[in-house]
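Across the two complexes that follow, chain A remains constant while its partner is chain B and subsequently chain C.
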Partner chain A sequence: MHDLTLILMSKLNYWIYILLMMIGLYAMIVKNNLVKKIIGMNILQTAVILFFISIGAKNKATIPIIEHAHGPGNHAVSAAHYINPLPHVLMLTAIVVAVATLGVALALIIKLHQQYRTLEEDEILAQLKNE
Partner chain B sequence: MKVLGAIIVLLFGSLLIYCTLDFPSWGDPASPASTHVSPYYIENTLEDTAVPNIVTAVLADYRGYDTMFETVVIFSAGIACFFLLRSFKRIEPDTRLYRHVPTGITFRIEKGGRYPRESVDFERIDLQWVPHDLIIKTTCRMIIPFIQIFALYVIAHGHHSPGGGFQGGVILGASVIIFAVSHNLRSSTNRISEKNVVLLSTTGVLLYAATGGLCLLLGSNFLDYSALSQIFGVDSVTARSFGILLVEIGVGMAVMAVMISLYYNLASAGKQDEGL
Partner chain C sequence: MMWLIQLIILIIVVVTALAAITVKDLLGAAILFGAYSFMMCLLWAIMGAVDVAFTEASVGAGISTVLFVAAVFRTSRRTKD
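Coming up: the complex of A and B.
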């Protein structure tokens, strides 16, 4: 019982992100409406971002900004006192790229709607078959 | 299809959950992600760059190439949206709507009629009915300057507190988008025209690349900001922190302009005459 609690404590947040990712993946595969597919894609991206951020966490450590440091000088900085900055850097850019991909996806959707007057996938496929 | 999708997703999810059993536990300082290169960043950032915010230093200095091409990705997303949607064929609508602001009366003017000059009293409104929202307009007019000052603070103070070019650029872009939402697209394009937006995004990316090229010209590696000490007249460590600031300004300009350009094109489906 004690072991189970320990596993739950140390893995619970990973499981929550996997659950979030499954929700996004399910929406991308199953949903018929293209806007819902894009929302699913964004949920998936959020899950990946949260997962990366969670990798960078360290117990008893603070945010990666060195305290009381202005300009160069002698500061004894120990890596154990600050959380891992690398996932934060990667995800900072990933968030902005997510917005950019969202913009391009919405532009493609507007184009599709102008062409086919619908955003339902099966109706677009039916129109493509009739052509 | 629904059942098939659910089975695939469940299989995938259970595989991933099985894999997490081998993961280091949450918050473990000895996990592989926190042992190889990240202790170097944490311990040496201050000596190398004089920037207390490790994220900013890694973003713009240690991983400068990555961030430069990240900016190029955002720029190309804006360009892709432009080429997908923008249509230059101008179809003038048959009627125009004008609102006389003091009385709130709306005029409908057919083609061939004489249009009133745009002034404080007369404003042209979209063909879909636009309500006269005094509260929303006044509130937005009051908070937009503060949003913009905060955005500039986020960019300029990114060395010492959470912030930087990406975040500040997004906030700056959001302030213009709020203006466009609260008034209309036309009054926003009158303030910042599409041409200026595209110019700004190009300038931002070029500012980043030019900072790297300047280091090259001063006899150092591409994006090695310590060479800038010859220009700024400071020691090489402080020159790195100045170089990071230059680069962050470039990123901020590019991100702001691309956000505005995406909004302009998406809100009006590329026609940029009427929108949300």
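Coming up: the complex of A and C.
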């Protein structure tokens, strides 16, 4: 029992990442409303960003800015004292892409609502079948 | 001490994510999604990713919520699920 709690607690970020990703996937597949589907897509994207940030995090490390970098003399930099900044830079791009996809999806939803007067997926499919 | 704050914020993140996809009001879902994004931003600030944290606070929690609220006001607010 103690081993199980140790396993669960030491990698807690990754378990929460799996849980959030499955919540987002569930909302994208099962929910009938289109806005709910978009919220699920955003939750899934944020879960992937959480996974990448968790890869770069270290215990007892500080943010990746070298102290006294412009002073005299050469300093040896120990990588264990700084958090890995490469996943942060990759995920900055992912956040911007997430907002761009959100804007396009909401614009498409507004056009769909102007044409079919509803946001439910089954009602739109029924109107398409009647045409 | 830091792991306790992280644990509490992780629990709040899961609760707000579940609430955002189950609530029956689309405006409430948009506001809950904003709360989810802001909790995620706090989590990244704790984990040392400050640049990602303030990008998420401005873009994810700010602009995304404004876009959701604008889209909900232009379409319908009720939902069946």
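By definition in this document, the second predicted complex is superposed on the first by the 124 of 131 C-alpha atoms of A that agree within 3 Å, B and C clash if a C-alpha of one lies under 4 Å from a C-alpha of the other, contacts with A are read in each partner's own complex, and residues count from 1 in each chain.
In this text, a contact is a pair of C-beta atoms (placed from the backbone, for glycine too) under 8 Å apart; a residue touches a chain by one contact, two chains touch by 3 or more.
It should be emphasised that the depicted structure is a prediction, and the values quoted were computed from it without experimental measurement.
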First (chain B), second (chain C), both or neither touched by A:Leu25: first
Which superposed partner A:Asn13 touches (first chain B, second chain C, both, neither): both
Partner chain in contact with A:Gly56 - chain B first, chain C second, else both or neither: both
Contacts of A:Ile66 with chain B and chain C, given as first, second, both or neither: first
Contacts of A:His88 with chain B and chain C, given as first, second, both or neither: both
Touching partner for A:Ile110 - first (chain B), second (chain C), both, neither: both
First, second, both or neither for A:Leu4, with chain B first and chain C second: neither
Chain B versus chain C as contact partner of A:Val99, first or second or both or neither: both
Residues of chain A that lie at the interface with chain B and also at the interface with chain C: 12-13, 19, 26, 54, 56-58, 61, 63, 87-88, 92, 95-96, 99, 103, 106, 110
List of chain C residues in touch with chain A within their complex: 6-7, 10, 13-14, 17-18, 20-21, 26, 29-30, 33, 36-37, 40, 43-44, 47-52, 55-56, 59-60, 63-64, 67-68, 70-72, 74-76, 79-81
Chain B contact footprint on chain A (complex, rising order): 7, 9-15, 18-19, 21-22, 25-26, 29-30, 54-59, 61, 63-67, 69-73, 75, 77-80, 82, 84-89, 92-93, 95-97, 99-101, 103-104, 106-108, 110-111, 114
Parts of chain A lying in touch with chain C, wherever the complex brings them together: 12-13, 16, 19-20, 23-24, 26-27, 31-33, 35-36, 39-40, 42-43, 46, 49-50, 53-54, 56-58, 61-63, 83, 87-88, 91-92, 95-96, 98-99, 102-103, 106, 109-110, 113, 118-120
Chain B residues within the chain A interface of the complex: 1-2, 5-6, 8-10, 12-13, 16-17, 20-21, 23, 25-29, 31, 33-34, 37-39, 41-43, 45-47, 50, 52-55, 58-59, 63, 66-67, 70, 73-74, 77-78, 80-81, 84-85, 160-162, 164, 166-167, 170, 235, 237-238, 255, 258-259, 262, 265-266, 269-270
